[in-house]
Amino acid sequence: MHRFANPARFLRLASAILPWSSALSALLIAAGLYFALFHSPADYQQGETVRIMYVHVPSAWLAMACYSTMALSSAVALIWKHPLADLVAKAASPIGAAFTFLCLVSGSLWGRPMWGTWWAWDARLTSMLILFFLYLGHMALINAFDDPSRGAKAAAILALAGFVNIPIIKFSVDWWNTLHQPASVSKFGMPSIDPAMLLPLLLMALGFTCFFVTVLLIRVRTEIIASKLRAIRMTQIHAVPVAVPVAE
Amino acid sequence: MSDFAPNARFSGHGLACLRGERMVFASLDFALDAGGALLLLGPNGSGKSSLLRLLAGLLKPAAGRLAWNDQPVADDREAHSARVHYVGHHDAVKPVLTVWENLRFWAGLHSPAAGDALTAGALERFDLKRLAEVPGKLLSAGQKRRLNLARLLAAPAPVWLLDEPTVALDRASVKRLEADMARHRAEGGMVILSTHAEIDLPGAAELHLNRFTPAAPDMALLAGDGEDWL
Amino acid sequence: MDALANYLHMGGYARFVWPAYGLAALVVGGLLLASLRGLKARERELKALQDSVPGRRGRSRAAADTGQDQ
Amino acid sequence: MSRLFGIIHRDLRLALRQGSDSVMVVTFFVLTVVLFPFGIGPEANILERVSSGVLWVTALLASMLSLDRLFQADYEDGSLELLALTPTPLELLVLGKVAAHWLTTGLPLMVAAPVLAVLLNMNADGFVTLLLTMLLGTPTLSLIGAMGAALVLGARRGGVLLSLLVLPLYIPVLIFGVGAIDAAVQGLPVHAHLLILGGMLLAALALTPWATAAALRQALE
Amino acid sequence: MSDFAPNARFSGHGLACLRGERMVFASLDFALDAGGALLLLGPNGSGKSSLLRLLAGLLKPAAGRLAWNDQPVADDREAHSARVHYVGHHDAVKPVLTVWENLRFWAGLHSPAAGDALTAGALERFDLKRLAEVPGKLLSAGQKRRLNLARLLAAPAPVWLLDEPTVALDRASVKRLEADMARHRAEGGMVILSTHAEIDLPGAAELHLNRFTPAAPDMALLAGDGEDWL
Amino acid sequence: MSRLFGIIHRDLRLALRQGSDSVMVVTFFVLTVVLFPFGIGPEANILERVSSGVLWVTALLASMLSLDRLFQADYEDGSLELLALTPTPLELLVLGKVAAHWLTTGLPLMVAAPVLAVLLNMNADGFVTLLLTMLLGTPTLSLIGAMGAALVLGARRGGVLLSLLVLPLYIPVLIFGVGAIDAAVQGLPVHAHLLILGGMLLAALALTPWATAAALRQALE
């Protein structure tokens, strides 16, 4: 009967994880920044602009990872009706939207010096823009219904349907010849990138991930309290003594 | 129609219904055998319509399960849909289609067995034959309701779920509906019906919905106390 | 001093690199702050509501207890 | 199968009797396109330059606006509940409704497009491609739009939400549609564009009916 | 409220109603004095709703005239509107407004005299007070209907035109409505009501609408040859 | 008077709660204008050339689409009957509804227009005139559109045709609106255009409420 899973366990778990994840993310991001800004070489082609990579690529990865989290928890919510799953999806989408935005803007800032244009209707860029709109739509849809459980279900369906976009983002550089860089770090086998660049990249990516976990836990906790608030108000409105079972 | 089998049994166990995050009823049980009838009673807002929608398969129970011959209904939704007729508050009458077209469409969609003959018979039975070519928008409230009820006869199905079916019907039509329900039950069908009015449904079991107030344990998630949570 | 200026100059790409980092800081900091503020606000609301409904607490506890043995 | 045709038949009949969607969409399409020369001025070269873009943007809007109410009427009068309760997979019924909708809106749009292209001074080399892109693109728009319409049933701000959900997903169709026409006008090959449009149609055909049906089911809860 | 005058009289003479080119009734007469009640009876499609709409001023009579204190109603439509309350098949409940906002709006629009106190009293009377802050879309069928009926008390008007008002109401609510109608009549109001159900309306005149079949010779043209219809 | 404000207040509240119209219209306006660079291509001089036309055509469409359902919801849920039965002249209520509608759609449209004008690269000399034409033009559109919406309610089947009749009435607004902006951009005087727009507004204010109220009464029979 996980339909009514007790959130107490989740909250205990969250309280246990939170201090670690927040400390770890601060540490990793600090270290990543140090290496990114002071201890990595400029690229022989791209010069100093390559430093944008340490923001751009981790945020791109996180944007996609966050959407995948959302899609996964939406599937769990639809199939097993686990109430926490809905809350996770709801908590995740603003985070994902923020990082997608960061990826878009940093990519654009990188594109200007590299390609000579802020924007091009290239497959990867377009699909990333669509991801951003999907996040916005998800957030809007969740809040568009008077009954929050309906909003959650509609948004879950949207999240799942929109998941097709993720492989398109990932593989668009392989399927179409585009302006954008093909995978060099995330390739299977040996990454074709200078280890001095790889280190800060990985540090930043891990730091962002820990940050994501931290904020996600905070937001899920907020959502749990909010749903509890709603339940209390609802029982006040309907004047039904929620908890007094009627003797038959 | 194997579903009209004399040993058919439609039952629910431990059903709970959440609407708008509010528990409307919980741990509700019922069982109905072929030929049986169940009368849902209760004041406004007690959850009669919600229960009927749940039995039809439009709402998923928050807890508990529905069974047909002890097979969970959830296993084969389409078979369940073929078994039930649901008549709700809305009449689903398209204003621009004629009475005949409206009925024929629903009958054909519900069962391929339904043909023109059955449709004509149903119209006849509900005294709509002379209106067959009239567009839906010209019907009075009671005529629309009768058209909606005519689906019951135009495409046979063993379980009738009727949400306040006598609303807007004149007395002659109510009498006819009562006779139809009796015949349906004699053939092994079942009727589950909510109403605030008098209706003649001999031998029907009664389910009083106001007795079920939201029970506690399941609400732990939504309404539990602070400390358990944080 | 020159080294610093030179560094900040980013090989002529300062106006692309620094905004990228600045925005990243804004996004990360903003998310964290907004989420924490939301949590605090909800907690306050809950507390106010529970204080304003005397007896709720006891009742729901009793119910949870009876609920177990149903 | 007979049920699929049953619903197509009924929706076509409804559309023709009340004439709302099909005529409305074509009217909207024609009027909007006709308004442009008023707005932009009648200079032939500028009109030609923007013709493919104006045609496709307008077609997109027309399709989106007509889809807004695809399930709304059935939802409000209780027909949708009964549809969901027929022993036919809801996915199939969705396909039927989308097909009927395309027949009454997408098809007339396609027929009107070349005429309007002439009005906008489009280069004649682009006409065949225009028709082909419309043939592949408009069903995709209908399928995606149906999903959006089902998701926003019963929502506050249904209309805006629909455009927020659907327009971004329309953008690829727009880009490749216009791209193909521009390529054709310039004498470049258009296979690649058309293949991508076809791929999008197939993907939409395979995926959106499930999502739409799921969304409808939850709207009825 | 001068309209509540004890010698007020609402009457109609030779009324005829055409709907969709069909004569629904013709040469209908009625007269109602302060404190009186008129019960409209008749099978589905006999024209009860049409007559009520006609009395409200929504439909224009094809023939005949309506009078208030022997003044033709058509002379001053706005005065007539201020005198009547019409409760039809639709509930006019906005899903996004709360129960309070819904009622307050209609009351304020109908008469400037209606204030918050009357609105609150009407909600109380129809057992909706605890739902005052609930948005309309969460109401059950009977709750919506009660909200619609609460208009009657929130902005006083002498003539109540009620089209099947007990539909969807539970028994307790029907009892309350009956009491309200009795009090309204005691204060000099009038009630005209159509129903298929039992309702307690002591001393009400009855108007059987099935008695009026399309007869009038001059209408033969419009009503067709009649055989198809009735 | 208090009743006029009563209905404006309620309609504003409805619009804000369900947000359908106001946000919808602005979103539609913004999204459509943003779609154009996708369709036409981002070349600055072409965009500038078509900017006033695109803005006005889109504003026209946004206004028309939002007005389409101005009375529909009230009609369907029975509110319109009750409105017609209040002891207030229906003409006044119509004015109230149109005013509320303009406040929630025309006004946001006006606010959004200069931003979008920047996006479309419009010459800054045209901005003030753009705002003025919108201020005079959008209420006219609302008034005419309300009449169309009422006509559509009454005559179900003929609805489309009747709205077709209403649309041509929009064209003068479009022509003088765009004309004024183009004149301003070229440094020519704009008084004449603005006077004509103002005249159209006054005429609409005087005539359309009667026609609208009559059409509504007929729809309720």
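By letter and in written order, the chains are A, B, C, D, E and F; residue numbering begins at 1 in each of them.
The definition used in the following text is that a residue touches a chain if its C-beta (ideal position, glycine included) is under 8 Å from a C-beta of that chain, and two chains touch if they have at least 3 such contacts.
Keep in mind that this is a model prediction, so the values were computed, not measured.
Peer 1: With touch defined as above, tell me whether chain B and chain E contact each other through largely the same residue numbers, more than half shared, or through different ones.
Peer 2: On the two sides of the chain E and chain B interface, the residue numbers are mostly the same, over half being shared.
Peer 1: For which chain is the distance between its Cα centroid and the global protein Cα centroid smallest?
Peer 2: Answer for the innermost chain: D.
Peer 1: Among the chains, which is located farthest from chain A on the basis of C-alpha centroids?
Peer 2: Result for max centroid distance from chain A is chain E.
Peer 1: Could you give the separation in Å between the centres of chain B and chain C, each centre being the mean of its C-alpha atoms?
Peer 2: A distance of 48 Å separates the two centres.
Peer 1: Could you state the distance in Å from the CA-based centre of chain B to that of chain D?
Peer 2: Distance between chain centres: 37 Å.
Peer 1: Give, as an integer number of Å, the spacing between the C-alpha centres of chain F and chain A.
Peer 2: Computed value for the inter-centroid distance: 40 Å.
Peer 1: Between chain A and chain E, what distance separates the C-alpha centroids? Give it in angstrom.
Peer 2: 58
Peer 1: Quick check: what residues of chain D touch more than one other chain, meaning two or more?
Peer 2: 17-18, 76, 156-158, 164, 167, 171, 175, 221 - these are the residues of chain D that touch more than one other chain.
Peer 1: If you look at chain E, which of its residues touch at least two other chains?
Peer 2: 89, 95-96, 138
Peer 1: Specify, in ascending order, the residues of chain C that touch 2 or more different other chains.
Peer 2: Residue numbers touching two or more other chains: 46, 50, 60, 63-64, 66-67, 70.
Peer 1: In their complex, what parts of chain A are in touch with chain B?
Peer 2: Per the stated touch rule, the residues are 1, 3-8, 11, 83, 146-149, 221, 224-225, 227-228, 230-232, 234-235, 238, 240-246, 248.
Peer 1: Taking the complex as given, what residues does chain E use to touch chain F?
Peer 2: Touch residues, chain E against chain F: 56-60, 78-79, 81-82, 84, 86, 88-97, 101, 105-106, 108-112.
Peer 1: Chain A touches which residues of chain D in the complex?
Peer 2: My answer: residues 147, 151-152, 154-158, 161, 164-165, 167-169, 171-172, 175, 203, 207-208, 211, 214-215, 218-219, 221.
Peer 1: Mind pulling up the chain A residues that touch chain D in the complex?
Peer 2: 78, 121, 126, 129-130, 133-134, 136-137, 140-141, 144-146, 150-151, 153-154, 157-158, 160-161, 164
Peer 1: Applying the document's contact rule, which stretches of chain F touch chain E when the two form their complex?
Peer 2: Touch list, chain F to chain E: 2-3, 6-7, 10, 13-14, 17-18, 76-79, 81-89, 220-221.
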